[in-house]
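Chains here go by letter, A, B and C, matching the order in which they are written, and residues are numbered from 1 within each.
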C-alpha cells in the first residue's frame, strides 16, 4: 500500500529536519511560539496541516498512530489523516489511547491518562492568545518577550463583566512553566488540567500561521484566572448515555426534531473501552434495569 | 517693622516687535520699600506705570534691570532674577494679588474659587470652605450663589468674589489693584475694614486706588509713580 | 498635594539636556534643555512644524534623540538616563509611573474593550489579580472623570469624543503616575467639551500633584493648565518662563505674534 513515489511520511527529509529543529527549540522554551517554514500539504488549511507536519517530522516506522477529531476516531478528518500516514509512512494505526505512541488531535485530550513516551500533537488554528485584543504581531511578540500579560486578564475581565463568570469555555489561556502564556488550541477548558504535569510530550502545530510550540513532559501548566473568580472545569451535568461515565467530557447529540437529546462521551475510545468492560448508560442499559429508567 | 518689599532701580520697558520693534519705556529707577503692617498707595496719573509696577512685584511682568527683593520665610528672594518655580512658591505662600478682573474658571463654584488659595497652601477643604463662606457673606454675596460658577455673575459680584479670593489667604504681602472700584458704599466700607484688619496682623500692602476717600483712609504713605517715569 | 516647602529640598523629576533630533539633514529639534520638577506643569507651545511633537516623543522615549539625553528620577530616587534603560524597564515605566494622553483617544484606548477593562488594564499589567478590586478601582476612576457607572461595560467606540478623552485620562491615572505627557489633549473637541475637559484636568493635576508636559498650540490651554511655558519655533525653544509672564509680557517677536493672534472670545 506504501506508494513508492512518496518519501517516508510524505515530507522530504530536509523539511522534516527543519521542523524537528523548530520542535527542539519549542521544547527548550516551553510555551514559546517558534516560527517554521510551513509547507503546502495535500489538504486545506484548517484541516490540520500544522499537526500533520509535526506528526510527519516525528513519526518513525515503529510508531503507532492514533488520530482524533473532537475526541472521535471515526470522523472524516480523523480517518483521512490516519489513512494519509498509513499510506505515506506505512505505520501501524490504532484507536486505542494506551497503545498509541503518537496521537494527533483536534480539540481534545484523551480521557485515558497519557504515559511517558507518548507524544500528543495538537492541530492549532490560531496560536497567538493575545491576538484578539492586540492585533499587531510586532506588539504581541514584544509582550511575550517581556512577559507583559496584563492583556490576557483583560479578556477574562471582559467575560466576568459581561456574563458574571469567566465564560471562555475553550482555548482557555494557560501559563507554561511560569513564563509564556499559551493558547492550548481550541480544546475545551475541561481538558486544561490534563496538560499540567503531563507525562507525555505535547506538541502544537499551526500550519497556516507557521508556528510550533511545545509543553515538555512534567511541565507546570496553569490556567489563568482571578483570585475571586478561580478557574473551574466545565462539564455537562450528566452521565454518558452509553457508558455511564461521570468523569468524561460529553458531546450533546440531538436525537430527533422534538427536542430529544442525549449526552455521550466525546472520547470514543474511552467510551468503547468502558462498554467493553461492562459499563453501560441509560441508552443501552440491560432489559432488567431499563424498566427503572 | 521688617521690610517686606524692597525695590532698587527697577526698570521696565516693552519692545513691540510687531510695530517695527519700537521700544516703549515704562518705568525706570523704581526704588521704594514697604514694611510689614504698612499700606503704601501708588499715586500718579493714568499711564504712569502704577499697574506695571504692581505686576512686576507679582512676577507677572519681567523686570529688565534692578532688584525686587521680597522677604519670604525669613530669606530674601530677588524677583527680578528668580526662577519660575520660586515665583510660583512666592505666590503660593507670600504674595497675594487682588486684580480688578476675575479670570473665571469654568464650572468651579464661587465658594471653591474663593477657597482655592487656602487649599493650595495646605488648609483642609472644609476649613477653607468655611472661611470662604464667611468672607462671601461679609461681602454680601447671597448664599444661593455660592455653589454657582461666578462666570454667570454680574460684574460687581464677580469683583467681590475676586476680593474674597484675594483676602482669604494669610499672605504677608498683598497687592491691591483697584480693590474698591465700582463697589457700592456699603461694600467699599467692608473692603476698607478688611484692609485695616490685614494691617493689624502685619500684612504689607501696595495698592492702586483712584477713589480719594478710600486712599485717605487706607494709605500710610503715598508713592508718586510719575517720578519713575522713563523718558521715551 | 504639592508640598509648598519643597523648593529647597526637592530635585528635578525629568531633565532634558541639549536634546536634538534631525531627519536626515533636516533638524526637527535643536538644543532643548530644561528641568521639570514634581508637580510642575510645563506647556510646550508653537505652531505645526515647530518641533514640539518631536520633542514630546523624545522626552517620552518613543523617539531616539540624535543628540543629547533625557533623564528621569525613578521611584527609588535615582536619576537615570532613559536611553540606558532596557526596553522592559521603559515599558514598565510607561504603564506605571508615566501616562500619555494622545490627541486621538483611539491611539490611547482599546476601542473594542469595555471602559472598565480599559481602566483596569494597567492594574492587571502590574499584577492585580482580584476582579472585584480591579472593578472597584475602575469605577472610582470613571466617577472621577465624570463617566456614569452605567457605562462601565460599554466599549469606548460607543462614547462621544469628550467621554473618550476622559476615559483615556482615567486609564492613565489609575496607577498613580508621577508624570503625564499630553499631546494636544483638547484638540478636535467642541469648545464646550474642551472647557469641561480642561477644568477636569486642572483639578486632577492639582489634586494629584502631577508633573505634566503638555504640547498644545492653544495658548488658552497653556494659560489654564500650565505653570511654565516653552515657546518653540523652527525646532528651537525661543522663549521660556512663567506662563502668565510669557503670555502677558512676551519678549520674542514670534511669541508676541502668537499672543496677538488669539481671537477674542
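Note that in this section a contact is a pair of C-beta atoms (placed from the backbone, for glycine too) under 8 Å apart; a residue touches a chain by one contact, two chains touch by 3 or more.
Protein names from UniProt, one per chain: A = Alpha-D-ribose 1-methylphosphonate 5-phosphate C-P lyase.
All figures in this text were calculated on a predicted structure; none of them were measured in a lab.
A.B. asks: If you connect every pair of chains that touch, what shape comes out? Choose line, ring, star, complete or other.
C.D. replies: Looks like a simple chain-to-chain line, open at both ends.
A.B. asks: Give me the ID of the chain with the smallest distance between its Cα centroid and the all-protein Cα centroid.
C.D. replies: Answer by centroid distance: C.
A.B. asks: Name the chain whose C-alpha centroid is farthest from the C-alpha centroid of chain B.
C.D. replies: In terms of C-alpha centroids, the chain at the greatest distance from chain B is A.
A.B. asks: Compute the distance, rounded to whole Å, between the mean C-alpha positions of chain A and chain C.
C.D. replies: Those two chain centres are 47 Å apart.
A.B. asks: Provide the C-alpha centroid distance between chain B and chain C, rounded to the nearest whole angstrom.
C.D. replies: The computed centroid separation for chain B versus chain C comes out at 32 Å.
A.B. asks: What is the distance, in whole Å, between the centres of chain A and chain B, each centre taken as the mean of its C-alpha atoms?
C.D. replies: One centre to the other, that is 77 Å.
A.B. asks: Show me the residue ranges of chain B that touch chain C in the complex, using the header's touch definition.
C.D. replies: 14-18, 21, 55, 59-62, 84-89, 92-93, 105-108, 120-122
A.B. asks: Using the touch rule from the top, collect the residues of chain C that touch chain B in their complex.
C.D. replies: These residues of chain C touch chain B: 1-2, 4, 7, 37, 40, 195-196, 198-199, 202, 206, 224, 227-228, 241-242, 244-245, 248-249, 251-253, 256-257, 260.
A.B. asks: Provide the residue numbers of chain A that touch chain C in the complex, in ascending order.
C.D. replies: Counting only chain A, the residues touching chain C are 133, 142, 146, 148-151, 153-154, 157-158, 160-162, 226-229.
A.B. asks: Would you tell me which residues of chain C are touching chain A in their complex?
C.D. replies: Interface residues on the chain C side: 87-88, 91, 95, 110, 113-114, 116-117, 120-126, 129-132, 134-135, 152-153.
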